[in-house]
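Next, two complexes with chain A in common: one pairs it with chain B, the other with chain C.
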Partner chain A sequence: MHTRGNRWLLMPLAAFFVLFVVAPLGLVLGVSLYTDASMGSMGAVQYVKFLGDPFNRQILLETLAQALGAVVLSMAFGYPIAYLYTLLTRGWQRILLFAILLPMLTSSVVRTFAWVVILGREGLINQLALGAGWVEQPLKLLYTQGAVLVAVSQIEMPMMILPLISSLGAIDSRLLDASKALGAGRWRTFIRVILPLSVPGLLAGALLVFAAAASAFVTQTLVGGGRLMFMPFYIYQQAIQSQDYPFAASIAMILLATVLVVVVAINTLGRRSRGFVHG
Partner chain B sequence: MKMQRRNILKALGAAGAAGLATGIPGLSLAQEKTLAATTFPGAWEESHRAILLPAFRKATGVQANLVASLAVDTVAKINASRAAPPFDVVLLDEGPYLATRSEGIYEKMPFDKIPNLKDLPEKFIDPTGQGAFVSAQIYGIAYNTERIKTAPTSWNDMLKPEFKGRIGLVSMGSTLGSAWMAELARINGGSEENMEPAFEFIKKVLPNVGAVAANPGVLATLFQQGQIDFSVHYINNIEALRAKGVPVALARPDSNWGLVRSTMHIVKNTKSPDLAAAYINEALSLEVQQKMSEAPYFVAPTNKNAKFTGALAAIAKDMSELEAFRQTDWIKLNPRRAEYIDRFNREVKV
Partner chain C sequence: MADAPTPRAARRGAIRLGQRLDRLTFGAALAIGAVVGVSLLVLPSVIVVMTSFTSGYSLKFPPPGYSARWYQALFLDSPEIIDAFILSLKLAASATVISTLFSTAGALALARNPARWARLLDAALMSPLMLPSLALGLGILMLFNLAGQGLSFTTLLIGHIAICSPYILRTASASYAQLDPVLLDCSFSLGASRWHTFVRVELPAILPGIATGAFISFMVSLDNVAMSLFLSDARSEVLPIRLWHIIEDSLDVRAAAASGALIAATLILLLVMEKVAGISRHMK
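And then the complex of A and B:
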């Protein structure tokens, strides 16, 4: 009786999910199966066209690499911040949390433009480098893979820090005392106790950052410029500018499928490492 | 459901018209209370808000809801919701309009409700009656006046080694990009149907290219940030930058100025066809077009009574000169646009 009641409560959510997630996805899948832009006949031509072309495969690989890079970078910078958070008193925690959330209060377009201003030819970094005499010519920072990586990582950073904070905060402090009492130093305690126990947070953060970074349309386009191409802009271009909906839909499905593969891989990796901790 | 709503609205409108009978044109159809219109981002949006919207309000008593949207995006949005379109009247570029002209998404204009059409040269009215040219954009050589002391005179100047890393391109996916590439093809022996010479030019200029912009708006910020010194651009973006103190100017290419025309259309299945007609009528009026053609907007007029003044007068003295500027044959270009966009992707990608 009890479980049945619960099941009924899930119905609105399930209906919402079917109506607004499953059905539109089915539609995109359907469109992707037309053979040409005029949508006359059906077939898997679009997928063959995409995957058979090294130019397209390169775009896919660069998009995935950019997203994975953002995961690594946001972990490297996010972990110390999240760890610092657990060491602070309540009052300071509040201030730090506000600082972490602050970027999320402005739109990603604004944050992206901030990076354009920082990395531009006459931007902050070049002004400083030129002023200090480190370089003679302005460096080309904007419109590079590195620029996209740094900007996307910073913009998605809160997605990494927040799950990490909750995961680090849940670690029983007696475990740390026990580790110390058993003779482990600070680093050993961190590597053997804290890090493994924070894996669920790292995992959740990695998933969120990866999915967001792979589809960071605005930042990829504005910081990457017209000579770099990522999957989200490719979808927009083919659908809206080239009016080739079937090809655009197939790019969308391929992006979705590869992101899912990576997500499952991260999940499996996490489950293994958790098994290692507890086993 | 929809039928019902329409019937109720009709009944209400009839009752209103009978009761009010104000005599003010546009107000006689009281059921039409809202109008959603699109414009382009930048000078168009600013000038439409400052000039067209107040004029439309004065004529109809209705405050139009203006949405900035690029032509290709607008067409996609209408196509996605044909039965209940999100806009009543839309501003498009010639290219995207002609590509969708036969798709049945535009209403034939009621000529009797747009009296200002009589002030338009005949070739500025679409032969199918589905729209009218409301304005034009002039494009030429945009350059940074501080770093480039003598104005470039030809597109071929982009190939000079002194401009290494200083040239800006705009993506083939934009109207400006398509029009300019077609122009490059034409002056190098090609045409809208043979863009090979244009792609050859891109190949040659690529070592000098500092950035490729996705659209004209981004191209303008590239000048502002000192990222590029030389590119193709529209007069109103360049004049807007100049007004902000950015050292830029527009020069005439020896192959002549380029012209891109914009069109306005009543969307099929609109709930406010009369307001949409009134909106187009205002957009074509001498007062609105005259003001929009002056500083700081410089949107070229299509009303034959409009006078060319200021920066616009320096480029063309009247309509006949404007019409002689380099134009794009979109009918020929459109069918191959997707292919050209793909080719452009491959040429510029690092």
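And then the complex of A and C:
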């Protein structure tokens, strides 16, 4: 009833959003349609240029593969933590929640730096491998695809765990009792009851992790180094270093469109899975 | 009679063994998963803090010895890092205050509104959470270029507000949606004005949600690189970009000390905010 009179409260946020989110993105789209850096004439040349070059397609595919890989890894490592959370007492739940929130809120430069230390020439992994006599020379771990994947997955893991915790917490415990009473063991109950009912949480987490991993600029540049190229840095490089705004804008649009397609796909799946859980 | 087990007893034994195996393997898998998972969450921060206290000149782990020398170097001889930190604090505080005002007002108008336009607008306003922030940063930069507006603290602030406000909108909306509408009717029927109802009924109820959003927004701004790369002028460098350069160029151990200090500050802020506003309830 009273919401009607409240509409004017929306004005500052909506105006800001139109001016500094909608308009800039429209501008990116517009500039991406110029044929060259001097912005003389228009056409879809930049997109043809991007998609026609195998080097560029490789960058796009690797960015996508990294982000999807991060979704899978964060699920694999995050699930046991979220499940553990549901088994703990209140006090331990609080402690575990802090262990999840602290890294989530810590600067991503700091968390990336942790991986630089762990994977470096004199880092933890190399010290362990050398100490155990497995290798003679320090391994080159930094600046590899695998290193970026592991670091991004670990950094985005809290975004997977939090929605999983709320989705696991919403499961009716009588269903678990029923499964047990009907003779199902732990594994069977987990696979047939708990896992399907936690799909909404998995999808919500997948959405957040994918979006974050696809634009994990800091981790991609610091753990990936100069030789590995991902879409976010490519945008920056073309815009600032090469001053080729139309090409940078087209890369940004392609990244945006790709992320949007995946986000919409996951969202659609999510809506269906919620229907499945409640219906 | 007792030594020859009947087929039934043997079957029962096999079932019991199967059950025990089931419980054992499930328990073991969960334990291993949980230990690996929790180590992955916690160990990187521990390793950074340990490295920051190294007495050596490199990022060797484990450190050859321990000292506070890099913290001394950080706080006493690194004016450029301290300046970057102060700029980042100013930026994060300003962006959070403005985002909080905008988004709280927006949440009051949107959160309890079931209309289709309101739901769509709500989703649109949340979209910067999902969009690649470099794309948005590039767009805002081109907008200022088009307007002939040079880069300054203000341009940087605008970029940060754009990415911070969705966080506050989300938590403020969530706690406002949970507020029982009967309370508002009570307040009105007891003769309270619109403003009085807001201050005495609505605001106290959504304050923890706002505080949680503001806290996340502050940390997000403090962490942001994408916006700052495009929108800061040549003279002003924010902390995450300064650290990014240090780590990229020289692997200076001061980066470890700065990281250790940031982890400690985040932990303290998290504990204080939990005490004051119970933020962990609003973050699940």
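Here is the rule we use: the second predicted complex is superposed on the first by the 246 of 279 C-alpha atoms of A that agree within 3 Å, B and C clash if a C-alpha of one lies under 4 Å from a C-alpha of the other, contacts with A are read in each partner's own complex, and residues count from 1 in each chain.
The criterion applied here is as follows: a residue touches a chain if its C-beta (ideal position, glycine included) is under 8 Å from a C-beta of that chain, and two chains touch if they have at least 3 such contacts.
For clarity, every value in this text was computed on a predicted model and none was experimentally measured.
S.K.: Quick one: chain B and chain C on chain A, clash or fit?
M.R.: Once both complexes are aligned on chain A, chain B and chain C clash.
S.K.: If you stack the two complexes on chain A, which partner ends up touching A:A37: first (chain B), second (chain C), both, or neither?
M.R.: first
S.K.: For A:F98, select first, second, both or neither according to whether it touches chain B, chain C, the two together, or no partner.
M.R.: second
S.K.: Which of the two, chain B or chain C, is in touch with more residues of chain A?
M.R.: C
S.K.: Would you check which partner chain A:A239 touches, where first means chain B only, second means chain C only, and both and neither mean what they say?
M.R.: A:A239 contacts both chain B and chain C.
S.K.: In the overlay, answer first, second, both or neither for which of chain B and chain C A:M157 touches.
M.R.: A:M157 sits against chain C, while chain B stays out of touch.
S.K.: Just chain B (first), just chain C (second), both, or neither: which does A:A147 touch?
M.R.: The answer is neither, since A:A147 touches no partner chain.
S.K.: Once the structures are superposed on A, label A:F55 by its partner contacts, choosing first (chain B), second (chain C), both or neither.
M.R.: A:F55 contacts chain B only, not chain C.
S.K.: If we overlay the two complexes on their shared chain A, which of chain B and chain C does A:R227 touch? Say first, second, both or neither.
M.R.: A:R227 contacts chain B only, not chain C.
S.K.: After superposing the two complexes, find the one stretch in chain B that runs into chain C, choosing from 4-12, 22-30, 76-84 or 148-156.
M.R.: 76-84
S.K.: Which chain A residues are contacted by chain C in one complex and by chain B in the other?
M.R.: 116-117, 120, 122-123, 221-222, 239-240
S.K.: Can you list the chain A residues touching chain C in their complex?
M.R.: Checking each residue of chain A against chain C gives 2-3, 5-10, 12-14, 16-17, 20-21, 23-28, 31, 77-81, 83-84, 94, 96-103, 105-118, 120, 122-124, 127, 154, 157-158, 162, 165-166, 169, 185-188, 190, 207, 211, 214-215, 217-218, 221-222, 231-232, 235-236, 239-240, 245, 248-249, 252-253, 255-256, 259, 263.
S.K.: If you look only at chain A, which of its residues touch chain B in the complex?
M.R.: The touching residues are 37, 55, 116-117, 120-123, 140, 142-143, 221-222, 225-229, 233, 237-244.
S.K.: Per the contact definition, I'd like the list of chain B residues that touch chain A in the complex.
M.R.: Chain B residues touching chain A: 72-73, 76, 99, 165, 169-171, 173-174, 209-214, 218, 221, 225-227, 337-338, 341-342, 345-346, 348-350.
S.K.: If you look only at chain C, which of its residues touch chain A in the complex?
M.R.: Against chain A, the touching part of chain C is residues 18-19, 22-23, 25-27, 29-30, 32-34, 36-38, 40-42, 44-45, 47-48, 51, 58-62, 101-103, 105-106, 108-110, 112-113, 121, 124-125, 127-136, 138-143, 146, 158-159, 161-162, 165, 169, 184, 194, 215-216, 219, 222-223, 225-226, 229-230, 240, 243-244, 247-248, 251, 255-256, 259, 262-263, 266-267, 269-270, 274, 280, 283-284.
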